[in-house]
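Structures given as structure tokens follow.
One chain, chain A, links the two complexes that follow: it is found with chain B in the first and with chain C in the second.
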Partner chain A sequence: MSVATADGLTLAGRDRRFGLLLTAPGLLSLLIVITFPLFFTLYTSVHDYTLLTPNYDTFVGTENYQEALDEEYLPGSLWVTTKFVLASIVIEFIIGFAVALSLHATRRFGSIYYLILLAPLLINPVVVGLLWRMLLHSELGIVNYTIGLVGISPVSWLGDADVAFWTVVLTDIWHQVSFMAILLVAGLAALPREPYEAARMDGASTIRCFIHITLPLMRPVIAVAILLRLIFAIKTFDIIFIMTKGGPGTATDLISYYIYRAAFFGLDVGRASAMAAGLLVIILALTAYLYRYMNSLK
Partner chain B sequence: MRLFLSVVAALALAVSAAQAQTIRILMETVPDTRYIQELLPQFEAETGIEVEIEAISYIDMHSKLVPQLIAPEGSYDLIVVDFYWVGEFTKAGWLMPLDDLVERDGVDVDVYVPKLMDLVGRVNGVLYMLPFYNYSMALIYRQDLLDDADEQAAFQEAYGMELRVPQTWDEYWKQVEFFTRDTDGDGNRDLYGTVIQGQRGDCISMQWANYLYSQGGLYHDENWNPLLDSPEAIRAMEYYREAVEKYSPAGSEAYCFDEAFNVMAQGRAYSFVTFNILYAGFEDPESSEVAGKVGITPNPGGGLNGGWGWAIPNSSPNKEAAWTFMKWAESAAVAKERAMLGGAPTQAQIFTDSDVVAARPYYPILGEILAGTKDFPVFTYTTEFVEQVGLELNLAATGEKPVAEAMAAAQEKLHALLVKDGKIEE
Partner chain C sequence: MRAWMSRDTGKRGGCRERSFCARVDVDEGMTANSRGTMRKRGRLKFLSWLLPHGILVVFSAVIVLPLLWLLRVALTDKKTAYKIPPEWGQASFDNFVEIFTGYPFFSYFLNSATVALGATVIALPLAVGLAYAFARYNTGGLPLRLFVLSSQMLPPVILVLPLFTLFLKASLINTLPGLILAHMTLSLPFLAWLLVAFFDGEVATLEQAARTDGATRFQALVRITLPVAAPGILAAGLLAFLLSWNEFLYALILSGPHTNTLPVGLSSFQTHRGVDIALLSAATICAILPAMVLLPFLRRYLIKGLSLGALK
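Entry: the complex of A and B
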């Protein structure tokens, strides 16, 4: 039964109006900081907008998209980005989960472990890049010195194409793995205790508990953790910019740095916007897929 | 209430008057910026104009400048322009011509080394900048190793020639080979003939230019026809690849000049082809183990010319005060003081000024180095050229692409960019 009020609205209607009123500032700022730049990028991507002629006089349709697709090194950059994202997420997930499980089981000094774990995450990525570039200096770095003490010959961490790729992956993992661990440990803390007690009664081993209880119950949290890291990993820019500039050769040429070069070195903001729009479609598709997967778990 | 309003109005006026007398300058965190900062109190006392210098690292400068230059009124009154932005900035019409101001105030611009005036001064006959400092490239080497009697005898024995400051590329390369060795016998090389700064992009592009000139090569002929697949350019790249493989630390294909500097500063290298402004760092015991042991000489065959110029952007809110500052910084007295502190001069008489030479005896050599330099291609797309060619050079340096193939690709890229800029026909 609905009750009409003085202004002719139902109570539910007034609630909705009040709710809208409360969310309006948030929605409006979202509109300004997200939707506006997004459409501005799309608008730029179909114009011949360069830093030399920064105007929207020339509409070029899909020409910028076509040009981007024809670029010699773009497929390579996409492939390197895919490898980077997969490698960093898979390894971070495995390490992160292991750390989360041990933290969850820890009874003493928990806050000290958290502090140590969180330290890298609190460092600016530019500083992380500079730090590791110095530590990994092939001639003078402390890493090569240390492994030299136990008789391992020096490694060309950033100069060898195959090694350099794993160097930036590992740097990213060092920096970001605790993010994964923290999310997962929060998930573990929220798990109900009853299924474990019941399983114990039936004599299930720790490993069976993990596979048949922890993993299934954790799936929504895992999906969120992976989704967030996926989005961050695709956007990785700083450590590449500081440590390798995409080199040696094209070994670490991630897509975000590729797009940056098109805009700021190539001066072609139109083409860079086209590539950014393409990247957005890819990220949106991945997010939508993961989101639906998460919903299907409920 | 009326009193309150008039106080507010008076304050607002005072604030705007004070703002009119403050200029903002975007600069790079390099020694020459520091010397300006040290001398600033003089300027502020003389003119009453306050100066705010925002010093940031090179990698952030271009992307920070461009939005300010595009805007009708930017936040910088005065800027410094690296030589390879000159084509882009002038083509886009971001810089204010200075000819009228120079004529009005009778500023003598003939004091500058002509090579620098061409690089970071005039463009097509219009004066846009005053040359601020030069970072021409040179050969920095270990004088103590050349002076060592045992080394001299061993070199004579091995190559049948005298060990001395190299005059030709061939002589230099023999020394590079000679000094690459394992000094403590542990099976790993620990003295390198040369250090490569081979990181993709800017670092390798700058250093390789010296290799190109050493072989008598050029980027383009006088009609802008590109020459990067010439036999000289290919030979230059072969030398560079040989250095990476044999004479420079493993991993130096990822070094930029700072990492390479440290190898030399730790006494691990005989020589380093790099920016002349790094020499002061080798001479400083704070940053170098080899202070007092290094010399500097022109790169055999010619080095790369480089420099920065002061410019007033058209978007400058306070052009007159910016010009006052520029005149002060480039006045004979201040230019000399900067050189005494270690600055890299742009005015010809400073290289041989008796006070400067007494404080820094190698300055006449810096003058010689500058005189023998050659220019990088400066056109609208120089920044992109550095990136694109820097990638091909790096691919060849790491051995991922055969030298001839990489140089063919570099040639094609330079050609395409020159066509895009209208310098040459398709």
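Entry: the complex of A and C
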């Protein structure tokens, strides 16, 4: 197949050269803005770099990692993050699937519902945090006033440790449930019709159709939606910063916020970098899994 | 017929009538029976209409009502905004005027727009090159794609630490170019990954035809593929713009008083003079306005953007 051309390259060789030419600027930029800083994180993580002594004079080896592992509050933050991620994904999946099935079943007003559904996804997370902080204010908030009308006593949405955790979870759900819903809607729209027609001929009920046809066929979409949300939920920072600053106590101290605090309030960038490196390993592992899964579908 | 009609008026009456029916219309048993299943099916049909709409109406209300409340607070005067139980004051745009005249929100807007536009405009051509090479020539193969995907998945808090120390050294801290560079860590991988989907499919066939007619690889890209994929590229660019318009953590750490972006301005507004919810609401409305205006145009592309091209 190799056809020699004027410059002595085969056609495939010219393809490769053209591809490399197009890739080079983008790839170089990625290496500069992402890979280089990442290596710098690793470099910082083995040095005694604090904002009081911002230099790389002292090599400390794995000391930062040791210190990070010995920290009293790190396990707590990891546990809060795990709870937060699991709670939001499970609830988002249930609500998201209900909304997706409903949207799939309606024709009328479908595009209006869809537009409303999309809206939160484009709203700034800082705005979401500010909005709900205002609505949930314990004395001046409209939510406590409204539940007061039906005789429920005011709730300290952000002041009580147990309640604050769920307030943050629910705020994040308000913001992100649409993500799950529209991915599932797209999945439902792409399902083949034949299995349902066959099942109807056999007299299967709607619920049986859902369990034995919809769920198995939707498995890839469900898996991708959940994996993406999992990775995104681990990154949650903005609403924590706005609504609770990790509090009350450490009730909402998600890992991103914890690392941010270690670096910019604890002033120990070296140790924060060690924790960031740990988080990096988790995220890369999840991404690699997602990637393998997405490729196995093709 | 009468029996059938009365059955719909009340449950008890319906029951009695049904037993009456069964006793009298002996030879019409079949008909009554099929009427029953029809009615059952009708009720089921009504239920399967009501349930989805019910769920969607409740869901939509939960999303829309808080936003409407935000708008209401932004339009009332400062004192009325705090009243509980709520009072409906005179609607005015005073708050919107005041945030721009009495506070540096104009500068926040300008900084946000500059940074988002800068990051998008620089990243877009770079990403087009990457995505096109992936789609057409599979340059770098699976490892390079994984590299781009992982870059996009990185939590900002991991990157903000080295960017902070590096920018400190390079005196890029508190500057708009520094912030643009930081935002490119978001937009470049996002765009590169997303655009691949726009270069696959039909346009590849078109391009093949052009190549057979003697167009060079470069001509095929510039004259065929880019014009055909232009709407998708534009939509992707707008999504990338919103991505950095909404970004908070990088801006929080890497910007200073003169380079604060809108989200940072909003987050610090609370502490200036206590909380002034009427002014804050007006400012937040302005902050989400660009996204809400673009929403109808972006809806077709949003699904691709959100699922990172995993779903079409």
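Convention: the second predicted complex is superposed on the first by the 285 of 298 C-alpha atoms of A that agree within 3 Å, B and C clash if a C-alpha of one lies under 4 Å from a C-alpha of the other, contacts with A are read in each partner's own complex, and residues count from 1 in each chain.
Criterion: a residue touches a chain if its C-beta (ideal position, glycine included) is under 8 Å from a C-beta of that chain, and two chains touch if they have at least 3 such contacts.
Predicted model only: the values in this text are computed from it and were never measured.
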item: Dominant contact partner of chain A by residue count, chain C or chain B; value: C
item: First (chain B), second (chain C), both or neither touched by A:Phe264; value: both
item: Touching partner for A:Thr250 - first (chain B), second (chain C), both, neither; value: first
item: Which superposed partner A:Gly19 touches (first chain B, second chain C, both, neither); value: second
item: First, second, both or neither for A:Glu139, with chain B first and chain C second; value: both
item: Partner chain in contact with A:Pro54 - chain B first, chain C second, else both or neither; value: both
item: Touched partner set for A:Phe241, first chain B, second chain C, both or neither; value: both
item: Touching partner for A:Leu131 - first (chain B), second (chain C), both, neither; value: second
item: Chain A positions touched by chain B in one structure and by chain C in the second; value: 54, 139-140, 241, 264
item: Chain B - residues contacting chain A, complex; value: 59, 62-63, 66, 70, 88, 91-92, 188, 198-201, 203, 249-255, 259, 262-263, 266, 268, 380-381, 383-384, 386-387, 391, 394-395, 398, 400-401
item: Of chain A, residues touching chain B in the complex; value: 51-52, 54, 73, 133, 137-140, 153-154, 156-161, 164, 241, 244-250, 261, 264-267
item: Contact set on chain A toward chain C in their complex; value: 14-16, 18-20, 22-27, 29-30, 33-34, 37-38, 40-41, 44, 49, 54, 95, 98-99, 101-103, 105-106, 108-109, 112-127, 130-132, 134-135, 139-142, 145, 174, 178-179, 182-183, 186-187, 190, 206, 221, 224-225, 228, 231, 234-235, 237-238, 241-242, 256, 259-260, 263-264, 269, 272-273, 276-277, 279-280, 283-284, 286-288, 290-291, 294-295
item: List of chain C residues in touch with chain A within their complex; value: 48-49, 51-53, 55-56, 59-60, 62-64, 66-67, 69-70, 73, 82, 84-86, 123, 125-127, 129-130, 132-133, 136-140, 142, 144-151, 153-166, 168, 181-182, 184-185, 188-189, 192, 217-218, 242, 245-246, 248-249, 252-253, 262-263, 266-267, 270, 277, 280-281, 284, 287-288, 291-292, 294-296, 298-299, 302-303, 306-308, 310-312
